Amino acid sequence: MNTFGNKFRVSIFGESHGPVIGVTVDGVLPGIPLSVEDFTKDLSRRKAGALGTTPRTEADTPEILSGVYEGHTTGAPLTMIFRNENTRSEDYEGFKENPRPGHADFTAKYKFGGYNDPRGGGHFSGRLTLGIVAAGVIAKKMMYFAKFNAALKEVGGITDPEKWPDALKAAAADGDSLGGVVECVVGGLPIGLGEPFWDSVESVLAHAVFAIPGVRGIEFGDGFAASRMRGSEHIDLFPEHKCCHGEHEEGHHCHHEDGQEHECCHGKGGCHKAPQPPVTNHAGGVNGGITNGNPLVFRVAFKPTASIAKAGVGGRHDVCFALRTPVIVEAVAAIGLVDLAL
Amino acid sequence: MNTFGNKFRVSIFGESHGPVIGVTVDGVLPGIPLSVEDFTKDLSRRKAGALGTTPRTEADTPEILSGVYEGHTTGAPLTMIFRNENTRSEDYEGFKENPRPGHADFTAKYKFGGYNDPRGGGHFSGRLTLGIVAAGVIAKKMMYFAKFNAALKEVGGITDPEKWPDALKAAAADGDSLGGVVECVVGGLPIGLGEPFWDSVESVLAHAVFAIPGVRGIEFGDGFAASRMRGSEHIDLFPEHKCCHGEHEEGHHCHHEDGQEHECCHGKGGCHKAPQPPVTNHAGGVNGGITNGNPLVFRVAFKPTASIAKAGVGGRHDVCFALRTPVIVEAVAAIGLVDLAL
Amino acid sequence: MNTFGNKFRVSIFGESHGPVIGVTVDGVLPGIPLSVEDFTKDLSRRKAGALGTTPRTEADTPEILSGVYEGHTTGAPLTMIFRNENTRSEDYEGFKENPRPGHADFTAKYKFGGYNDPRGGGHFSGRLTLGIVAAGVIAKKMMYFAKFNAALKEVGGITDPEKWPDALKAAAADGDSLGGVVECVVGGLPIGLGEPFWDSVESVLAHAVFAIPGVRGIEFGDGFAASRMRGSEHIDLFPEHKCCHGEHEEGHHCHHEDGQEHECCHGKGGCHKAPQPPVTNHAGGVNGGITNGNPLVFRVAFKPTASIAKAGVGGRHDVCFALRTPVIVEAVAAIGLVDLAL
Amino acid sequence: MNTFGNKFRVSIFGESHGPVIGVTVDGVLPGIPLSVEDFTKDLSRRKAGALGTTPRTEADTPEILSGVYEGHTTGAPLTMIFRNENTRSEDYEGFKENPRPGHADFTAKYKFGGYNDPRGGGHFSGRLTLGIVAAGVIAKKMMYFAKFNAALKEVGGITDPEKWPDALKAAAADGDSLGGVVECVVGGLPIGLGEPFWDSVESVLAHAVFAIPGVRGIEFGDGFAASRMRGSEHIDLFPEHKCCHGEHEEGHHCHHEDGQEHECCHGKGGCHKAPQPPVTNHAGGVNGGITNGNPLVFRVAFKPTASIAKAGVGGRHDVCFALRTPVIVEAVAAIGLVDLAL
C-alpha cells in the first residue's frame, strides 16, 4: 500500500515515464497559506544539473488539483501532480528481459507478474520522491515551530567537501559511482512525540527513511558507535539543579539559575518549573522512543548509484544520487514527525 | 498505539511491576498446532541468569487465554499473559521525582501527565519484549519455510567471543556497562515480499526493530559500509546464463546448466525458467524494497545498558542487555515478514 | 481483524466457553479515575436474569490487567478480562457436525477450516459483547460532556411496554422468540464530529453497531421514513434570526433574543455569535456526515433469537436477546464517537 | 481521512467546482485489462439528464494518470481524474454566510474553520461519487465471479415504477423533492467473506454505504421487519439431508439427492460433501457477519433532495437524486466486498 501515516497521510502514485508523478496528502490542517511558489525551494534542492548528477532535467512544476481554495488549504485531501516531460523510454527497452542489477526491475517483474511498467523503473523510480518532497513542504509548514536541516556529510567515504568534486570526476571517468551519508538535525521539537511499543520516533522515521530508494542504513544519536561505548560514555545526564534542600521556611520563594522563581521544594527535588532535557545528546534527542527536547539527530547511509556504465547500464544517471537526497530526508522526517504530532 | 502489523497484528500490554505482561496476536492462521511448550526455547534465550545479565529471574511461563482449542490455533485472536512475580518495586521509588538518565522515565512522565506507572519503567520496560518473543514464536510457525538466525557479533566493540567474559567482568567491576551488535540472517524467503513506496522490507523491519528498547541503528547488507564503496564494488550481478542465442530451430529444446529443459529463447534472453537471484549479496537480499531470493541480512546496534551504578542507578540490571536480544531481533523480523507475506 | 478504531482502539478476544472473555483498549487518556466498581452499572444492564432472558448467569466481574495505576488510567493499553464460569459445554456438542440455523456455526467452521472453537459459538458468541460494554464505560468517561441514552422501543413489533411481558411469555410457551428495536439518543455532542468521504458519523456508528450479533438494520433521524417524505417535510431549517438589517450606525451594538450582544451586522446576516444547529431534527443530528449540534438519534433493529426450541436447539437462551442490548448500543456509540472526537 | 479499505484502498479527492474530481485505487491486482471504455456503462448510469434529475450534465470522461501500462493494470496505484467543466459557481455565492439547510455547508464551515471550498458543496458534493463509481468498476472486475445488481424499489414511497413519472412531475411542480429506496443483490459470492468482531460483512458495507451523501438507513435481509417476526418465521434452516443413518456396511458408498457420491456417514451427520447454504434467505446471505453462500441482499434509504425551491435554494438540482444512486450502491458494495475478499 502506497500510503504513509495515520493522521497525516501521504499517498504516492505515478510512474517515471507515465503521464505524471503525483501525491495526495490527507490530514492537512485548514487555513495554511499555500501556493506553487512554496514548493520551489525544496524541489530545486532535489533537482539534477550539478556536478555528479544526471543530465535528465525536468521542470518539475507542481499542479495543485484539490485541497486549496483562495490560496489556503481547505482541510480536504490535497493532490498535486508533476508532468513527466523529458523521458527517453527507448533507453529502458529490454529491461524486462534483462533486469538491471541493483534495481527493482527483477523483483518488480516477479511481484507484479510482469505487468509492471518497466520504463525508467516505473513506479519504483527515484523520481517518485518528487511527491515526497512536495508533501514534505506541507509537513514543514504544519511543523512551523521545528527547524529541519539535512546535509551531506560524506561522499564516497570522504568527509571533506573540498575533495568531493575530484572524487566525483574520477568515478565518472571510470564509469563508476559513489555513495554518501546524510545527517539530519531537527530542532525545536516539543517533548513527547513518539509512542511506546511500536511507534517510537525512531520506528516511524526509519520506516519513512527506508522508503527512499537506495538507503542502506539509519542510526540515531551516537548510532553504531554507541554499541562500542561504555554506558558511562554514552549516557545523557539531566542538568543538576542547585536544590535548596528545604533550607527555607514554608512559603519561601527560591530562584533558579535561569532566573525563574519557584516555591522552595523542601528537598523533594522538584525544583524545575519546566522539565529540562539532558545536557548531552548521545541519544539523538529520544528517550524510550519519545522526543526529550534535545535536537533529533540521525544519519542515513546511501549506496552508490546502481546504474553504472561499468556494469553495462546505459541511460542518464547520477554519479552520486546521494547529492540530491538531503531534501528528501528532511521531507520524510517532517512527514513522520507531523504524523506523530497530530 | 501499541499495535504492529496489518494482517498479522501484535498488540502489547502490561507493565513491568503490574500483574502481567501480555500480548494479543490477531491474524493467526487456524489449524497450527500450539502448546505452551512451543514457547520454551525462545523464551529461555531471552532469560537472564548468564554472565553479564541481571539476577532478576522470572518463570516466564505463558498462559494462553484465547485463540487455541484442542491444541490448535482457531484463527481467533490469541492472547497470552505472563505473571510478574519477582518484582522489587521499592528499588524504583523516587523515579518520578528523579528520572533515571537514559531511560523513558523523563519522557513518559511528561507525555502521560505523570500518570504513567513508574515502577521498573512500567509499560516502557524491556520486560515487555516477552510478549514480542512469544508473538515471534507464532510468526515463525507461520513462516515455517524460512530460517531465522540472529546472533551477537560484537560486545563492547569486540568481535572475538572468547574475549567477551573478561570485558563483561571488567565493566561490571567498574559499575559500568557495554553495548553490542546483533546480526540477523533470514534464509528461505520467497522472492516478492515487500511493497513499493512506504512498506519496503527494510521499512517494515526497521520499524519493528526500533521498537526494541535500546536500539541505536540498523543497516541492511553492506549497510553504512556501502556508502563508502564504489558502485562496481557494491553491485550484485545476476547469474550469467549460457544463452543459446537463437542458434537452434523453432521448437528446439535446450538445457540449462541445472538440467532444466526450456524452449530455445532465440536470443531473447529469457532462458531461465525460474527467476534467479543475484550471485552476490551486498544488498542483503532486497532490491527496490522487495526480497530477491537471497538471504535477508541486517545488523542492529544496541546501546550499553543505561542503568549503571556509576551513574547512581540502583536495582538489578544487565551489564550488557544486548546479550539477551538476538531472539527478540528474530521475533520482530518474523513478525514483520509474516505481515508482508500474508 | 478484531479491532475497532484508530485513536481509541478496542480489541476483543476470548471464547464463550474458553477461560476468559477479554478486551484491550488502547488510546485511553491518562489520569481518568477508574476502578472495577465503575463497570458495575453498565455490566448489570447487560446481564441476564430478567423475564425473557437466559437463565445462564455469570458474575461478570472485570479483572484489570494493565493500564491502571493508583486508581487512574496511565495512558498505556488497558486490558480487562472476565472469567467464564457457568459453562455447560455439553449443551453444544455436535454443533460442528450439525450447525445451528441462524448462527455463525456454519460460516465459522467454513472460514476457519473447522478449527474454530464451537462451544457456545466460541469467538462469535454474544458473550463477547461483555468486552464491548466494558470498553464503552471507558469511552463514556472520556466523553463526559455527552449523554448516552439507549432504550428498547419495540418488542416483537409492540411499542407499548406494558404488553411486553405477555408477548414474551407467549413466545416462550411456544418455544419461540422475539426481536426488538432499540433507539439511541446522544446529547451534548460538539458540532464537527465525523469526516467527509468514508468516515461520516453514520458510517462509523453503523460499522460499530453491525458488530453486535443479531443486528439487521440501522437508521438515523427519520430513517427509512425519510425516503417516503417530501423534501419540504424532511428538511431541517436553521433558526431565523431577527437581523437588524443594517439599520444602525457603525459601531452600534445589537442584542440577540438570548441576550447576547454583538456588533450590528449591517444586513450581512452574520448576527449569531455562535453557530446554531437546525431547529428541527429530521436528520438525527448529522449533516454531511458531521454532527450539527442537535442530539444524535438512531434506531437499531434486532432479529428474534435464533436458538429456539421450536427449531430443535437446546441449551439456555434468551427469548428476546434485544432486551439486553440497549447498553451494548450505547457502548458502541460511545466507542465510535470517542474515536472521532480524539 | 478520505480513504476506505485495507487491501483495496479507495481515496477520494477534489471539489465540485475545483479543477477535478479524482480517485486513487491502491491494491489493484496486476494484469487486469482496463481502458477508459470500461467505465462508460457505469458512469452513464450515474449521469443526470433523465426525468427527475438535474440539468447540469458533464462529460465525465475519466483520465487515467497512473497504474495502467499497455492496456493492463500494473499493480501500482491507479489514479483517475474527471475534469469539472459545467460549473456555475455564481449559483453558490453566499452559502458561507447563509448555509443551505440539509447540506454540509454549516458543519463543513464549522469543522474547517471557514476554509472549506463552499462552491457546490466543495469536497462534500455528491459529485465526488464519480470517483466511487469508477473505483467500483475496478472492484467489480476483480470480483468477476460475483454479480452486482442494484435497483430503485421505491420513489417517494411508491413501489410501482409506472407511477413514478407523475410523482416526480408533481414534486417538481411544487418546487419540492422525493426520496427513494434502493435494493442491492449480490450473487455468486463465496462462503466466508467477513470477519468476526468488528468487520462483519454488514459492518463493512454499512460503513461504505453511509459514505454516499443522503443515506438515512440500511437493512440486510428481512431488515427492520425481522424485529417484528418470531424466530420461527425469520430463521433460515439448512437443507435436510437424507442421512443413511449408518445403515450400511463399512466402505459402502451412498448417493446424495444431487447425485454426488459419498462414503456412508454412519449416522454422524456429515453427509454433505460440500457445505450447503440455508434454503431460505431471511438473513440476506450473512450468518455471524460472514457470507453463507446465499445472495447478499440489502436495502438503502435515501432522503429527498435537500435543495428545493420551496426552501429558497436556487441552482440546478435533482428532484429525486435517488434515481442516480443504484450504480453508486453497487460500487460501494463491490469496493467493500473486494476488500474483504483479498
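A, B, C and D are the chain letters, set down in written order, and residue numbers restart from 1 in every chain.
Convention: a contact is a pair of C-beta atoms (placed from the backbone, for glycine too) under 8 Å apart; a residue touches a chain by one contact, two chains touch by 3 or more.
Nothing here was measured: the structure is a model prediction, and the numbers come from that model.
If I list every residue number at the interface of subunit A and subunit B, are over half of them used by both copies, so same, or under half, so different?
Mostly same residues: over half of the interface numbers shared.
If subunit A and subunit D share one sequence, what is the angle of the rotation that overlays their CA atoms, in steps of 5 degrees?
It works out to 180 degrees.
Take the average of all CA coordinates in subunit A, do the same for subunit D, and state the distance between these two points in whole angstrom.
40
How many angstrom lie between the centres of subunit B and subunit D, each centre taken as the mean Cα position?
It comes to 42 Å between the two C-alpha centres.
Centre to centre, by mean C-alpha position, how many angstrom separate subunit A and subunit B?
About 24 Å separates the centre of subunit A from that of subunit B.
On subunit A, where are the residues touching two or more other chains?
Each of 1-3, 12, 76, 111, 123, 196 in subunit A touches at least two other chains.
Under the touch definition given earlier, write down the residues of subunit A that touch subunit D in their complex.
Per the touch definition, subunit A meets subunit D at residues 1-3, 7, 9, 11-15, 18-20, 22, 24, 26-27, 30-31, 65-67, 69, 72-79, 81, 111-113, 115-117, 122-123.
Along subunit D, where are the residues that touch subunit B in the complex?
It comes out as residues 6, 76, 196.
Mind listing the subunit B positions that touch subunit A in their complex?
Listed in rising order, the residues are 1-4, 10, 12, 97-99, 101-111, 121, 123-124, 128, 154, 156-157, 171, 174, 176-181, 191-192, 194-200, 202-204, 206-211, 213, 215-224, 226-238, 268-270, 275, 277-278, 283, 287-292, 301-306, 308, 310-311, 322.
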